[in-house]
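Next come two complexes built around subunit A: one with subunit B, the other with subunit C.
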Partner chain A sequence: MRAASFGCVLAMLTAFAWPAAAQEDLDTLLDQTVVTAASKSAEVSATAPGTSTVITGQDLKRFGLHTLAEAVDFLSLGAATSGRDVTGDKGGLGARGVQLAGDEGNHFLLLVNGHSVNEPLAGSARFDRAAGIPLEMVDRIEVVLGPGSVLYGSNAMLGVINVVTKSAKDFAGTRLVLESELLTSVRGMAGAGYRFDLLGKPAELTLGLEYYRRFGPKFDLDDQDLGIDPLSFQPTRTTADGPATGIWGGRISDDSFAEAPSALLNFRQGDLRVSAQASLYRAGLPYAAADFDDPDNEQLSRQAWLDVSYQTLVSPAVELTLRGYGDTHDTTSQLDVSREGLCFYLGAETCRVTTVGASRWAGAEFRAALDWFEDGTAVTLVGFDGQYRYAGTKRDTEDEATGRLVTNSTGAFKRNDFVFGAYAQQSFNPTRWLGLNAGARIDKDPRFPAVVSPRAAVSFVPWEGGTLKFTYAEAYRAPSYSETELTVGERLAPVSLDPERVRSFEGSIEQRAGMHRVRSVVFVTRWRELVDVRQLSDAEAQRAVADGRLAFIAPQTEYEEFRNVDGIDNYGASLGYDGGLSDTGLLWGINLTSAIAEPDSGEELALAPHYFGNARVAYDLPDDLPQVALGAFFLSQRLADRGLTGGWAERPYAPRQLELRATVSGDVPPVSGLSYRVGADYSVAKETPFVVGPIQAATPEQRTPALAQTDRFRAFIGLEYKL
Partner chain B sequence: MSVSRQSSWSSRIPRLCGIAAGVIGLGVMSQAGCVDLEPTTDIQEELPEGDAGGLSDECTACIQGESGNSLDCRDEFEACDANSACKIIAQCSLDRGCFNVPAAQQINCGIPCGYEAGITSLTDPSIALVSEWTNCIVPPCAEVCGFNGEVPGG
Partner chain C sequence: MCAAMGLLLFPPALRGRRLARRHALGGVGVAALCLLLPGISAAEDVSVPVGLQVKLLAKVAAYDRNMEERAGSKVRVLVLQAKDDANSERIAQRIVSALERQPKIAGLEHSRSRRDYAGAKQLIKAVSDESFDIVYVTPGLEEEIAEIREALSGLDVLSVSAVANHVPDGIVLGFDLSGGKPKLQVNLTQAKEQNVAFNSSLLKLAKVYR
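Take a look at the complex of A and B:
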């Protein structure tokens, strides 16, 4: 949260920006934060389009943060998750009071060193442990709020989060990290950064290898009464071995686990850069509508990508970038089901339902930047991005005891597409007090008409340290392949589905004075064409039969499909203040956001907090004494994701959340290179706004839902040894 | 001596980490190619079937709640008969001889009948209707129809 370091600013400006920027007063620059995600080039965040928060690697360590999601919650302005649950999954990421049910990071674009990792099958990106990014390697996390499709295309509706890793210089040497959330998890990390000569030219390599394992916590879920099974006329079976009780609930002990090995590598030689990541995430699914606390209920996600770019100045005025990349991502979920109503195959007492989905994509991007006057006052950026995609899925059911398939695959599809995007951006800074930035991108996906995403921003520096900024931007999210292609059970693949769209106008004012920065942002956003599930009318079901999408209409059966439905009006304000006392090592900050999100239906928007924010204070004690930090994250009450559709006796809400985290970190004086971090986290609320378990709508026996649980206290300790 | 040993280790560890990272990365990537998305389409579901034979007039009257020990089942029969899906399932179940097999297999026997009736959800009201009818008629009509007299959950 502090201003970027001198070396960081200088390195970024010399690496990405133009000579005029480098000539600015360095004293001023030292007080500024710099972002690269807003315009694909380094620029001061105060004048960059959108609202930016830069979270440094030092912040991550100081405040005891373990995931991207925690970093956003505790340190960013305007963005937040729905709160932590026991699995460590924060259930997607929202911003400015908009969090959409079913979102798995689909409305934020996640970049790692500029490489997009949102996968096209579900459109998701993970911000929890599944992200597979060793945080010790992170130089900074740029959180840029506001529509960002102008340069990046799909998914950047709420914003763009860019994780930038450290250079070999800042990650020099070899380090080993061992950390544990007591009685819950362990994490080991080995990392190194070094520079060497390769074929007679200087090169550098940074890499990290991480292994995380969670073996708890144990927690309790209220009983859910499933009643009598409609096939067996006996109490519903909820376990493979135990008696049929009709009750799903109790103590979760066996199915609360996770493990996540990952590797991240960066190589650079001259103009050539190579980044690669491979990660695996395996975790229990204790909330699934399957046998209760069965350790075989799990999900396995694997991802790997390679990104190679070549960036060169062909003349003082022209810079070219050529980038090629390839990604693979797959997910397998396995659920054991003993309910006769769901497992009615001869000889099978328990069915194992395995759903497999995979997506692979590869592409190339060409980008050219033209500095018309060779002084940075007028820069034109143009780019083209072509991508080949493959996505598919299927679901198999087998006898859990024998492994024999008991029925044919369902929900199977495979699809290949070529998608294309082209963008242009013009920045113009005619004076020191005026900056203009305008651009647009067009994206073509064969599943829907071409989409144009414009953005325009103007910034003024009317007085010393002050910045006024106005930004208009539009963005879109391409429907995922699961939304456009999947037919399974009573859900039909839609005939057509348009992309979700958002347009936003925001104005901000920022004032800097020494270590102090105050900023206020006002935003008005209109969402439209949102994708959600809707039931088919009788006439629509008949048309589906005529179209061949449905074989027959079963009596009293409700069919459904994804559709473009309501829009949302969203408006509000954010206020942020960062401060400190120079030479004392004392830093503090607070971010507040108040927002209203009104769906066209007139109903309340599920999951959306009306106000949220964070506060923090850190103090570097003198000499060899440690650094002490306290962070707080708070959320107002939120309606549960199934709050409107479940028919509950009362609308279920997750209570107000206040999460407090205290961290002490420092060196272990007797041992050179050894440092520690210890801390504790306390959560006031014990629930998050997600309905879990098999009862997702009220039944005669069950009129209230079970919500995902929060483990209210965690303590952690970590050691880092730098060789 | 110890300094040079430490220096030697320091220089090797990054390379060892690099090799390990590369091996793990390549391992994960190679595994990613192993996901099989080819759908299975040739499974023949093994479902029990009884010896239906033919229904006597006496049996037909009994299962319709018109005579014998099932006189109290007339309402159940009419409710099922008025529901197109229930009617299909009932006729199909009789044709397949599903009431002649042990109770534990009767559900599996009737599954194709559900498919034939277009049932895709067990919450379909026709399931309840057919259940009420079978629970009512199977025990009292067992003798005249040759049913084994058992019903699921009975």
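Take a look at the complex of A and C:
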């Protein structure tokens, strides 16, 4: 109710912010943003279905942003992470007050030049350094909020993020970038963009190669008392080499590292487009429930993809697009564990637990656009997407000292299948002031019945510069293979699992005048069939034995499985204001969202902020003087991810967070083509809402959890040289 | 390339069984379709949606100090399309449709005409005899841009292109998309040749070619 009232106030403020007869001057038009992700065609964002924020490559540089997650936090309306932790990981991405525990980008669909990169094994997409996208190549990031399965299928529950890279024209020549977060990381990037003739026809190529390495920071974690080991009756061992103290915690110095080489290539000749990416991300796992600060605790992920599309006109009314793609993604996590309770194999003092996962998928999409009147006012889009997928995983445990396997592989499975989707969308703009868009997609996955995802949107331009928009949309997320197939430890693969579903209604009002834009959005969303882990009752465990899913019931063991559980009612409002003075080079903006997320259980939703947003101001100093920019990102208090299930003495919350970032950028006058960027980042709060370490639930010795740390101050400096 | 892609998407290795035969047929179908396509058309980059281009043109034309004198009471727009080029025809039609929805250009009433480009002489004749004030060029005329530039030099007319790449080659005004926002492009040298005098405040907003 509070959020709804907030929304009504915002809508009225927007409506009266400018006179209804506000003039749509040239500044207003030049400040319009164009998105392609909302409808798979270029359109003005004000009238596109859903709520869009377009973040430009210039913004990324101006505000000292280093990752997609930071860009979303500091510049988007309605979406946010849980805040940065000391490792640079921002956790999953949420929107409109819904942030789900265990989410690793599963509820946003990430596209790179229209290519989906969410992998099927875990369903995740990375928005941090692991994304492997050199930001210098980014022309814009389109953040389209609201269910988006109508054209894209699974995962687009919170929205779609489309990264559009620069053409060779905007990325011309060769450039070198060297940047460092002081005492913490270095990043080098080499990029090139060229236009040339190939076989007598004009072609263009852009290429970026990047290498990032983080070698810190060192930081302290509070001690966690693991007590006496139940097998050895000695203090629990928490390191491979040191004495058994029963204490996990202290200074993290060896396991705080990351490296991420990546390459991104785009080629275009006429109607043929080719995009390819390859990246690797290796990082320490200092928070893992394993030996403390062991540099061998690490994760490794590798991905590569190729996307080829060909677009052509059969007639002025019919446009065809054929797209083929192939992806490979694999992950390895390696943890050293010396706790006798977990490493109880004869002769092994420390166990190395290695989990590998791999997924490969390839498919083709055929799309046809029929322009009924050949003037763009009524366009029917139909498409068909077929995809072959493979995924597999297994876990091995070996003696860390000898490399000898101490047990058979566990959690092993291999699956492959075909998934299909077909969609249709009709857009109709009968007058200058009215736009209609409606469509639906049907997806068939062999693991569950076909899913239909409809969307309908209407936009009005009642006066110049003003837009009213209403959108109804549904979306789904197919359970990942890990959720439907994996049996490991006490976790059993479920008998069946339905896709998560969401439906949303939103209304928005936007007013533009010159470089000023005010918009407010009110949304009501219903989530259902959410997938989460639940413990089996005794009767269910006995049934699992009878069904053959479980060999026997071990004493004092609680089994669990993924199930479709609660739904969530989510409603609230967002307000955004962007402004500027074109003659002075002064720009500013603020985005606020107030949202309520109420699970059916009546409990509080972990990780979900009630208020969040960002604010920014940038000023181009005259002549050869630099550009200065200040950005702020803020989040309200959030319940920790294990806040409800840990049995803690008090519910643990991450405090309100305010992250400030100041950046100065400009040219280095004596050297043509050389520019610089320096900045600093300060976080007011020192904790994020993620429980870390081996104690994930209260013990007699430890009644409060340890939360992931924030590095409160970070400074960076970078140089870019265009040859 | 496209035919090869069809065969890649439906690889021959899948052939031999009943289901695989469908894949093979699919591959042949895609390949055959692709072989047909290059002869039909090749879509050109019109990065800024046409509706937004026309709105921009309506405002930008007012920054031409000579527009009012040139046009009198009504602005006459000639939309040039490449003959037998589906993409050019499509964009031309979209421009005409967007113009019909645009109440005024530079604050004046306007009329529009859509024609195939038939050579420099015909263009000069049309602009001179029918007093066109704006010539709107569509994709598909890349090879003719130099000729169009020569033809319009010395005439009193604003040339505009739906394709940003045409501006450095001799079209006075164009629209590009950068960072998701439209950017104006102006060929100042050619503007002078065509008696177009943009206000300096407009040039501050545009990428200027000299």
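Throughout what follows, the second predicted complex is superposed on the first by the 694 of 723 C-alpha atoms of A that agree within 3 Å, B and C clash if a C-alpha of one lies under 4 Å from a C-alpha of the other, contacts with A are read in each partner's own complex, and residues count from 1 in each chain.
Going forward, a contact is a pair of C-beta atoms (placed from the backbone, for glycine too) under 8 Å apart; a residue touches a chain by one contact, two chains touch by 3 or more.
It should be emphasised that the depicted structure is a prediction, and the values quoted were computed from it without experimental measurement.
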Putting subunit B and subunit C onto subunit A via the overlay, clash or fit? fit
Scan A:V98 for contacts with subunit B and subunit C and give back first, second, both or neither. neither
Is A:T332 touching anything from subunit B or subunit C once the two structures are fitted on A? First, second, both or neither. first
First (subunit B), second (subunit C), both or neither: which does A:I553 touch? first
Taking the superposition as given, does A:M137 touch the first partner, subunit B, the second, subunit C, both, or neither? neither
Would you sort A:L723 into first (subunit B), second (subunit C), both or neither based on which partner it touches? first
Given the touch rule stated above, what does A:G191 touch, subunit B (first), subunit C (second), both, or neither? first
Answer with first, second, both or neither: which of subunit B and subunit C does A:L381 touch in the superposed model? neither
Given Cα centres, how many degrees, to the nearest 10, is the angle at subunit A formed with subunit B and subunit C? 150
Superposed arrangement (fit on chain A Cα atoms) - minimum subunit B/subunit C Cα distance in Å: 18
Once bound in the complex, which stretches of subunit B touch subunit A? 9-10, 13-14, 17-18, 20-22, 24-29, 31-33, 35-43, 45-48, 83-85, 105, 107-108, 111, 117-128, 131, 135, 151-154
For a test of understanding, state which residues of subunit A touch subunit C in their complex under the given definition. 24-26, 29-35, 42-45, 54, 56-59, 139-140, 142, 164, 169-170, 270-272, 308, 310-317, 319-320, 322, 324, 364, 371, 373-377, 431-432, 582
Could you pull out which subunit C residues touch subunit A in their complex? 1-2, 5-6, 8-9, 30, 33-34, 37-38, 40-43, 47-52, 55-56, 59-60, 63, 86-87, 89-90, 93-94, 96-98, 101, 164-165, 176-184, 202, 205
Which of the residues in subunit A end up touching subunit B in this complex? 173-174, 190-194, 205, 207-209, 228, 230-234, 261, 263-265, 276-280, 302-304, 328-330, 332, 340-341, 344-347, 356, 358, 360, 392-394, 396, 405-409, 412, 414, 489-490, 552-557, 723
